[in-house]
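Shown below is the structure under consideration.
Naming follows writing order (A, B, C and D), and every chain is counted from residue 1.
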Amino acid sequence: MSAILIIEQILNGLQLGVMLFLMAAGLTLIFGVMGLINLAHGSLYMVGAFAAAAVAGATGSFLLAMVAAMAAAAIAGVLIEVVVIRRLYAKDHLDQVLATFALILIFSEGVRWVFGSFPLFLDIPDYLSGPVSLPGGIQYPLYRLVLIGIGMVVGLLLWLLTQQTRLGIQIRAGENDREMIAALGVNISNLYTLVFAIGAALAGLAGALVGAIQSVQVGMGEPVLILAFVVIVIGGIGSIQGAFIGALIVGLTDTLGGVFLPQLFRLFLEPAGATSTGSALASMAIYILMGAILIWRPTGLFGQRA
Amino acid sequence: MAEAVLSAHGLCKSFGAVQATHDVSIDVRPGEIHAVIGPNGAGKSTLIAQLCGSMASDAGRVELLGRDVTHDTVRRRAQAGLARTFQISALAMEDTVLQNAMLGALGAAGRPWRFLRPALGDQDLRDRAEAALERVGLQDVRAARVAALSHGQRRQLEVALALTLSPKAFIMDEPMAGLGGEGSKLLTDLLSALRADAPILLVEHDMDAVFTLADRISVLVYGQIIETGTVDQIRRSPAVRDAYLGEGA
Amino acid sequence: MTKVTQTLLAAACAAMVATAGLAEVKVGMITTLSGGGAGLGIDVRDGFMLAVEQSGRDDIEVVIEDDQRKPDIAVQLADKMVQSEKVDVLTGIIFSNLAMAVIPSVTAQGKFYLSPNAGPSALAGKGCHPNYFNVAWQNDNLHEAAGAYANTAGYGNSFILAPNYPAGQDALTGYKRTYQGELAGEIYTQLGQTDYAAEIAQIRASGADSVFFFLPGGMGISFLKQYADSAVGLPVVGPAFSFDQGILQAVGDAALGVVNTSQWNKDIDNPTNAAFVEAFQAKYDRLPSLYASQGFDTARLLISAMEKADVADVDAFRAALKAAEFDSTRGDFAFGLNQHPIQTIYAREVVKEGDVFTNKIIGVALENHADAYAAECKM
Amino acid sequence: MIPERWLNLGILAALVAVPIWALVVDEPFIITLVTRAVIFALAAVGLNIALGLGGLVSLGHAVFFGIGGYAMGILAYHAQTFTPLAEWPFPIDGTKSMPVIWLVAVTTSTLAALLIGLLSLRTSGVYFIMITLAFGQMFYYFSISWAQYGGEDGLSIYVRNGFPGLNTLDPIQFFAICFALLCAVLGFNALLARSPFGLALNAARQVPHRVETMGLSPFRLKLVAFVISGAVTGLAGALFADLNRFVSPTMFSWQMSGEIIIFVILGGVARLIGPVIGAAAFVLLEHWLGGLSDYWHIYLGAILLGVVLFARGGIVGLVARAHG
């Protein structure tokens, strides 16, 4: 296996990782501030992708499509926050799981009702398509490099937001002591809606960005949702930096495992058996990793100790 | 001097730069109530956690009936006869008073692994639980849910739960917290009688109760015991006056 | 809008026949109408109902149920069809795993099953049954055709990939059965996988001269878009499933020029097909897909048997089905010994007609092809 | 509001009456439908032991459901193909006998629950939910790749397994078996809740630190609850596979875990009959709404939302007085 291929696969792992981060950041923020498990986060991802496909189809502009994706997901997010989610903060995790599971059903069938059962078209804009040459003779799709860049920038912005701004201070205070900041005159209800909208917009952006290289279809959010949960659990729920590290770990494990495990098994199994055993193990790899990390550190890598 | 039932030798615990307890040695002898007092943040909660086993010590040793229990878990120490009450009531709110009391009896019997016979049908456990309830004066509300009890009754139930273990020593974490004069009086009488069952290490803010009940008092300040003695000795101690009143030494 | 009318029509059809009390053949259709994969089931249903409507017969009652692509629901619906609705014939299942769950049990209970899509190998070989007829293909067929096409196109070093599940494993086996060149690589991907960057990098590094893939549904869309963007540029061959009318629009330009194998295309030149394509477009306002043609043919087969025999006379009805004397959208149609089609499979290419992506036939991949399992069938 | 005991008896009576009525009017499919509800109920009763008594929100109970299903599938597959299950250390044949299959299903799911519980119970709260989900995904992907037993296609068993003295292919007789098992497990559950173990477990859920100072181990109490819970759900899995005469990886999917949780919450957490009502209501909804519209999931979602937001304590909480 050549060095070029390995580097390319690492880039692929990074790209998957930063996309997962966009999802995971919202999830972990919402959990950290409001203590809410939101299974419907994957639906916001789907809403973003569909909105992007619809707007791109109508206007032909990729940038407009991205804006529309974030706006649509944020609006959908605010809507469910105000109508449903708000009533769940005081309830236990069990009720949250059930209610947001119900939201998944409503969103999935609702989108199918509006857009039909067939996948939608959303493509990379011309100015971002095709591969570029990297040092060392690596041909790598420009769009994926852009995705890595966007993920990094969003990560940086989120870090600045939570560490350097007034809003960030309120958010962090909200994580620790919601009665106190309410007493200090911060409108906690508006703060929650805002945080939810930010998380939703990030999910919508991820859905739209990924939708351009994958298929925009009903149910596209659930596999990503599960991966994003794996990410935040590994990173420690509520921690943005944990989500970032966790996302990269999951992205790299999933990508590299899928490539190298079958080859590893080929050393001591016949090829067909090696391929299927290796692939089987590769698809379980991140869950095994997550189990192992939780057994080692029961609140994740950056989670607060109980 | 009688052999100590519970004793600690040189306990230390620090959190980062903060030394919560430093070289604390304390003992509880048969038949006595030994009170630990001290200002907020003096390390009383840490000391209790170290004695009960819910927090590991950095250094030092804990002995129960002469046996080293330093590395035993909370559960082991409880089985060996160390009973405690909590500052904030730790009771199963959805269950009845009797069911809560049964829990202690169950723990004392050490056998929760019976799946098919009703717990309340086990006469042995039940007698034990009801005896404890009677002792604290809750026998008339045994069928009530804990959630329906008054604060004072919950404090009494805390003590009853500790009693069901038939312990060798009690550790009581502010049993009077939040009680009014009447309730305080009731509990003071109860504790006073309890010392005949087993000695009590009493951490308490209510100084009336402490001075009424305690046979000995230790004063914990900044993680260190600055004085141990009888009520009179403590009242007269310059070190204590200094710590509390800031009078120059 | 069209959806509503279809549903209404199906309901009206059923209601009308039921009230008339003339129902002689009751058909239970279990197919996927909700969730992912619903597009396939909807096409099969629409194709089937079109043929029923065109026949003008009022002695067919069709009960349609949604299996949600869940095997346990499909089994439950099959029980309902057999026990409660007391249907004579079952049909409609899209996915092989659902077919395996339903078909052996309903045929064992003496019902006929006409498969409009799935053709798992277990039911073509040792598990064949006199009451089971496959009107579409045995699962391996299109992959075998892809292998044959690769030979004629002169490919000698293929990179092949499919999801790691039985149909995926069958696909690669099928391709290798006819393909004569070398393999540059063989990969099993994860079922439901959406990112193929890692695989594409391996393809690029492998030195292959062609790529064969079987990635149904959304997986194929993702792969093709990413493959096109990577500019690897090797020719791609695949079975029709990733290039049917329903999903081509979502793939877009990325699919242009890709060769895929199919037993049907809208430009197969025979009057039945031309009429079918026109009628389907007129009624549903979209181009028919492979699946729609299969649904249509299934209904035509059923109607042809009804013309010759009474469904109550099981042996006669079976013989009438087996004779398969109907005008298929594929031209000639005949069953092999195991009651799977012997048919010609075409190579077709994705083209753009106006704004619409579709396929056109560029040649024959396999002529009068029978499946590899027929010999194992003892019937 | 009616006393809970009456509700319990009423529900069980209805579960018997409906199939008998269906038998009289010759609607065998209704019997099948009720059997499905009964089996789901059994799975949910299993979860309720961990969830209701022990407070363990397991989003991975499909693992045990699936293990039970595959225990049936694998044993029956070997019996139906006349191939030995194992050659070593001594030949083991498959079987088509329900009692043997149940025993294997319960044993294997017990072992799995022990292992998963030992590892998962180190965590709590959301982490527990997520680690159980992770175990579910591991089993799901493993079963998809397990080509020997059909992978994603699953395994078809052509004839339902046998039970001595009964014709299991007759819907009403198979129903009777499932119903008897459900009643037995419900009885066990009722005893368990009142037993010393139930008392201690109940306290361990509410005040674990108190239980610890009473000389009891919350970890062990919860572990045992989790294991019992897994075993019951495993038994339900074996029955479900026999109902469908089919097993596939979907039995391991996280949606399945989610559905089992739904049964419990819909009916009422920690209420004896809650999971039974929840499962029955779910099967009814699925059947009725499914006929109403292609988009019936929307209605289902709305109903679930309504239960969470407005019906604390589920359906039982709405209609019955608190237990005791």
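As a convention for this text, a contact is a pair of C-beta atoms (placed from the backbone, for glycine too) under 8 Å apart; a residue touches a chain by one contact, two chains touch by 3 or more.
Because the structure is a prediction, the values reported are computed rather than measured.
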item	value
Pair with more cross-chain C-beta pairs in contact, given A-D and C-D	A-D
Most widely separated chain from subunit C, with each centre as the mean of CA atoms	B
Separation of subunit B from subunit C, taking each centre as the mean of its C-alpha atoms, in whole Å	75
Distance between chain centroids, defined by C-alpha means - subunit A, subunit D (Å)	32
Distance between chain centroids, defined by C-alpha means - subunit C, subunit D (Å)	36
Gap in Å, rounded to a whole number, between the CA centres of subunit D and subunit B	44
Multi-partner residues of subunit C (at least 2 other chains)	3, 34, 164, 169, 190
Interface hub residues of subunit D, defined as touching at least two other chains	141, 144-145, 147, 295-297
Set of subunit A residues in contact with two or more other chains	108-109, 112, 276, 279-280, 283
Complete list of chain pairs which touch one another	A-C, A-D, B-D, C-D
Subunit D residues touching subunit B - in the complex, by the definition given at the top	188, 191-192, 194-200, 202-203, 206-207, 209-217, 221, 224
Touching residues (chain side subunit D, partner subunit C) in the complex	27-30, 32-33, 36, 141, 144-145, 147, 150-154, 156, 158-159, 171, 240, 244-246, 248, 250-251, 290, 294-297
Of subunit C, residues touching subunit D in the complex	3, 7, 33-34, 65-66, 70-72, 75-76, 79-80, 83-85, 96-97, 100-101, 104-105, 108, 120, 164-167, 169, 190-191
Subunit B residues touching subunit D - in the complex, by the definition given at the top	52, 54, 73-75, 78-79, 83-84, 86, 90-95, 99-100, 102-104, 106-108, 110-120, 122, 125, 161, 164-165
Partner subunit C, residues of subunit A touching it in the complex	2, 4-5, 8-9, 12, 15-16, 108-109, 112, 116-121, 123-124, 129-131, 139, 141, 143-144, 210, 212-220, 223, 255, 258-259, 262, 271-272, 275-276, 279-280, 282-283
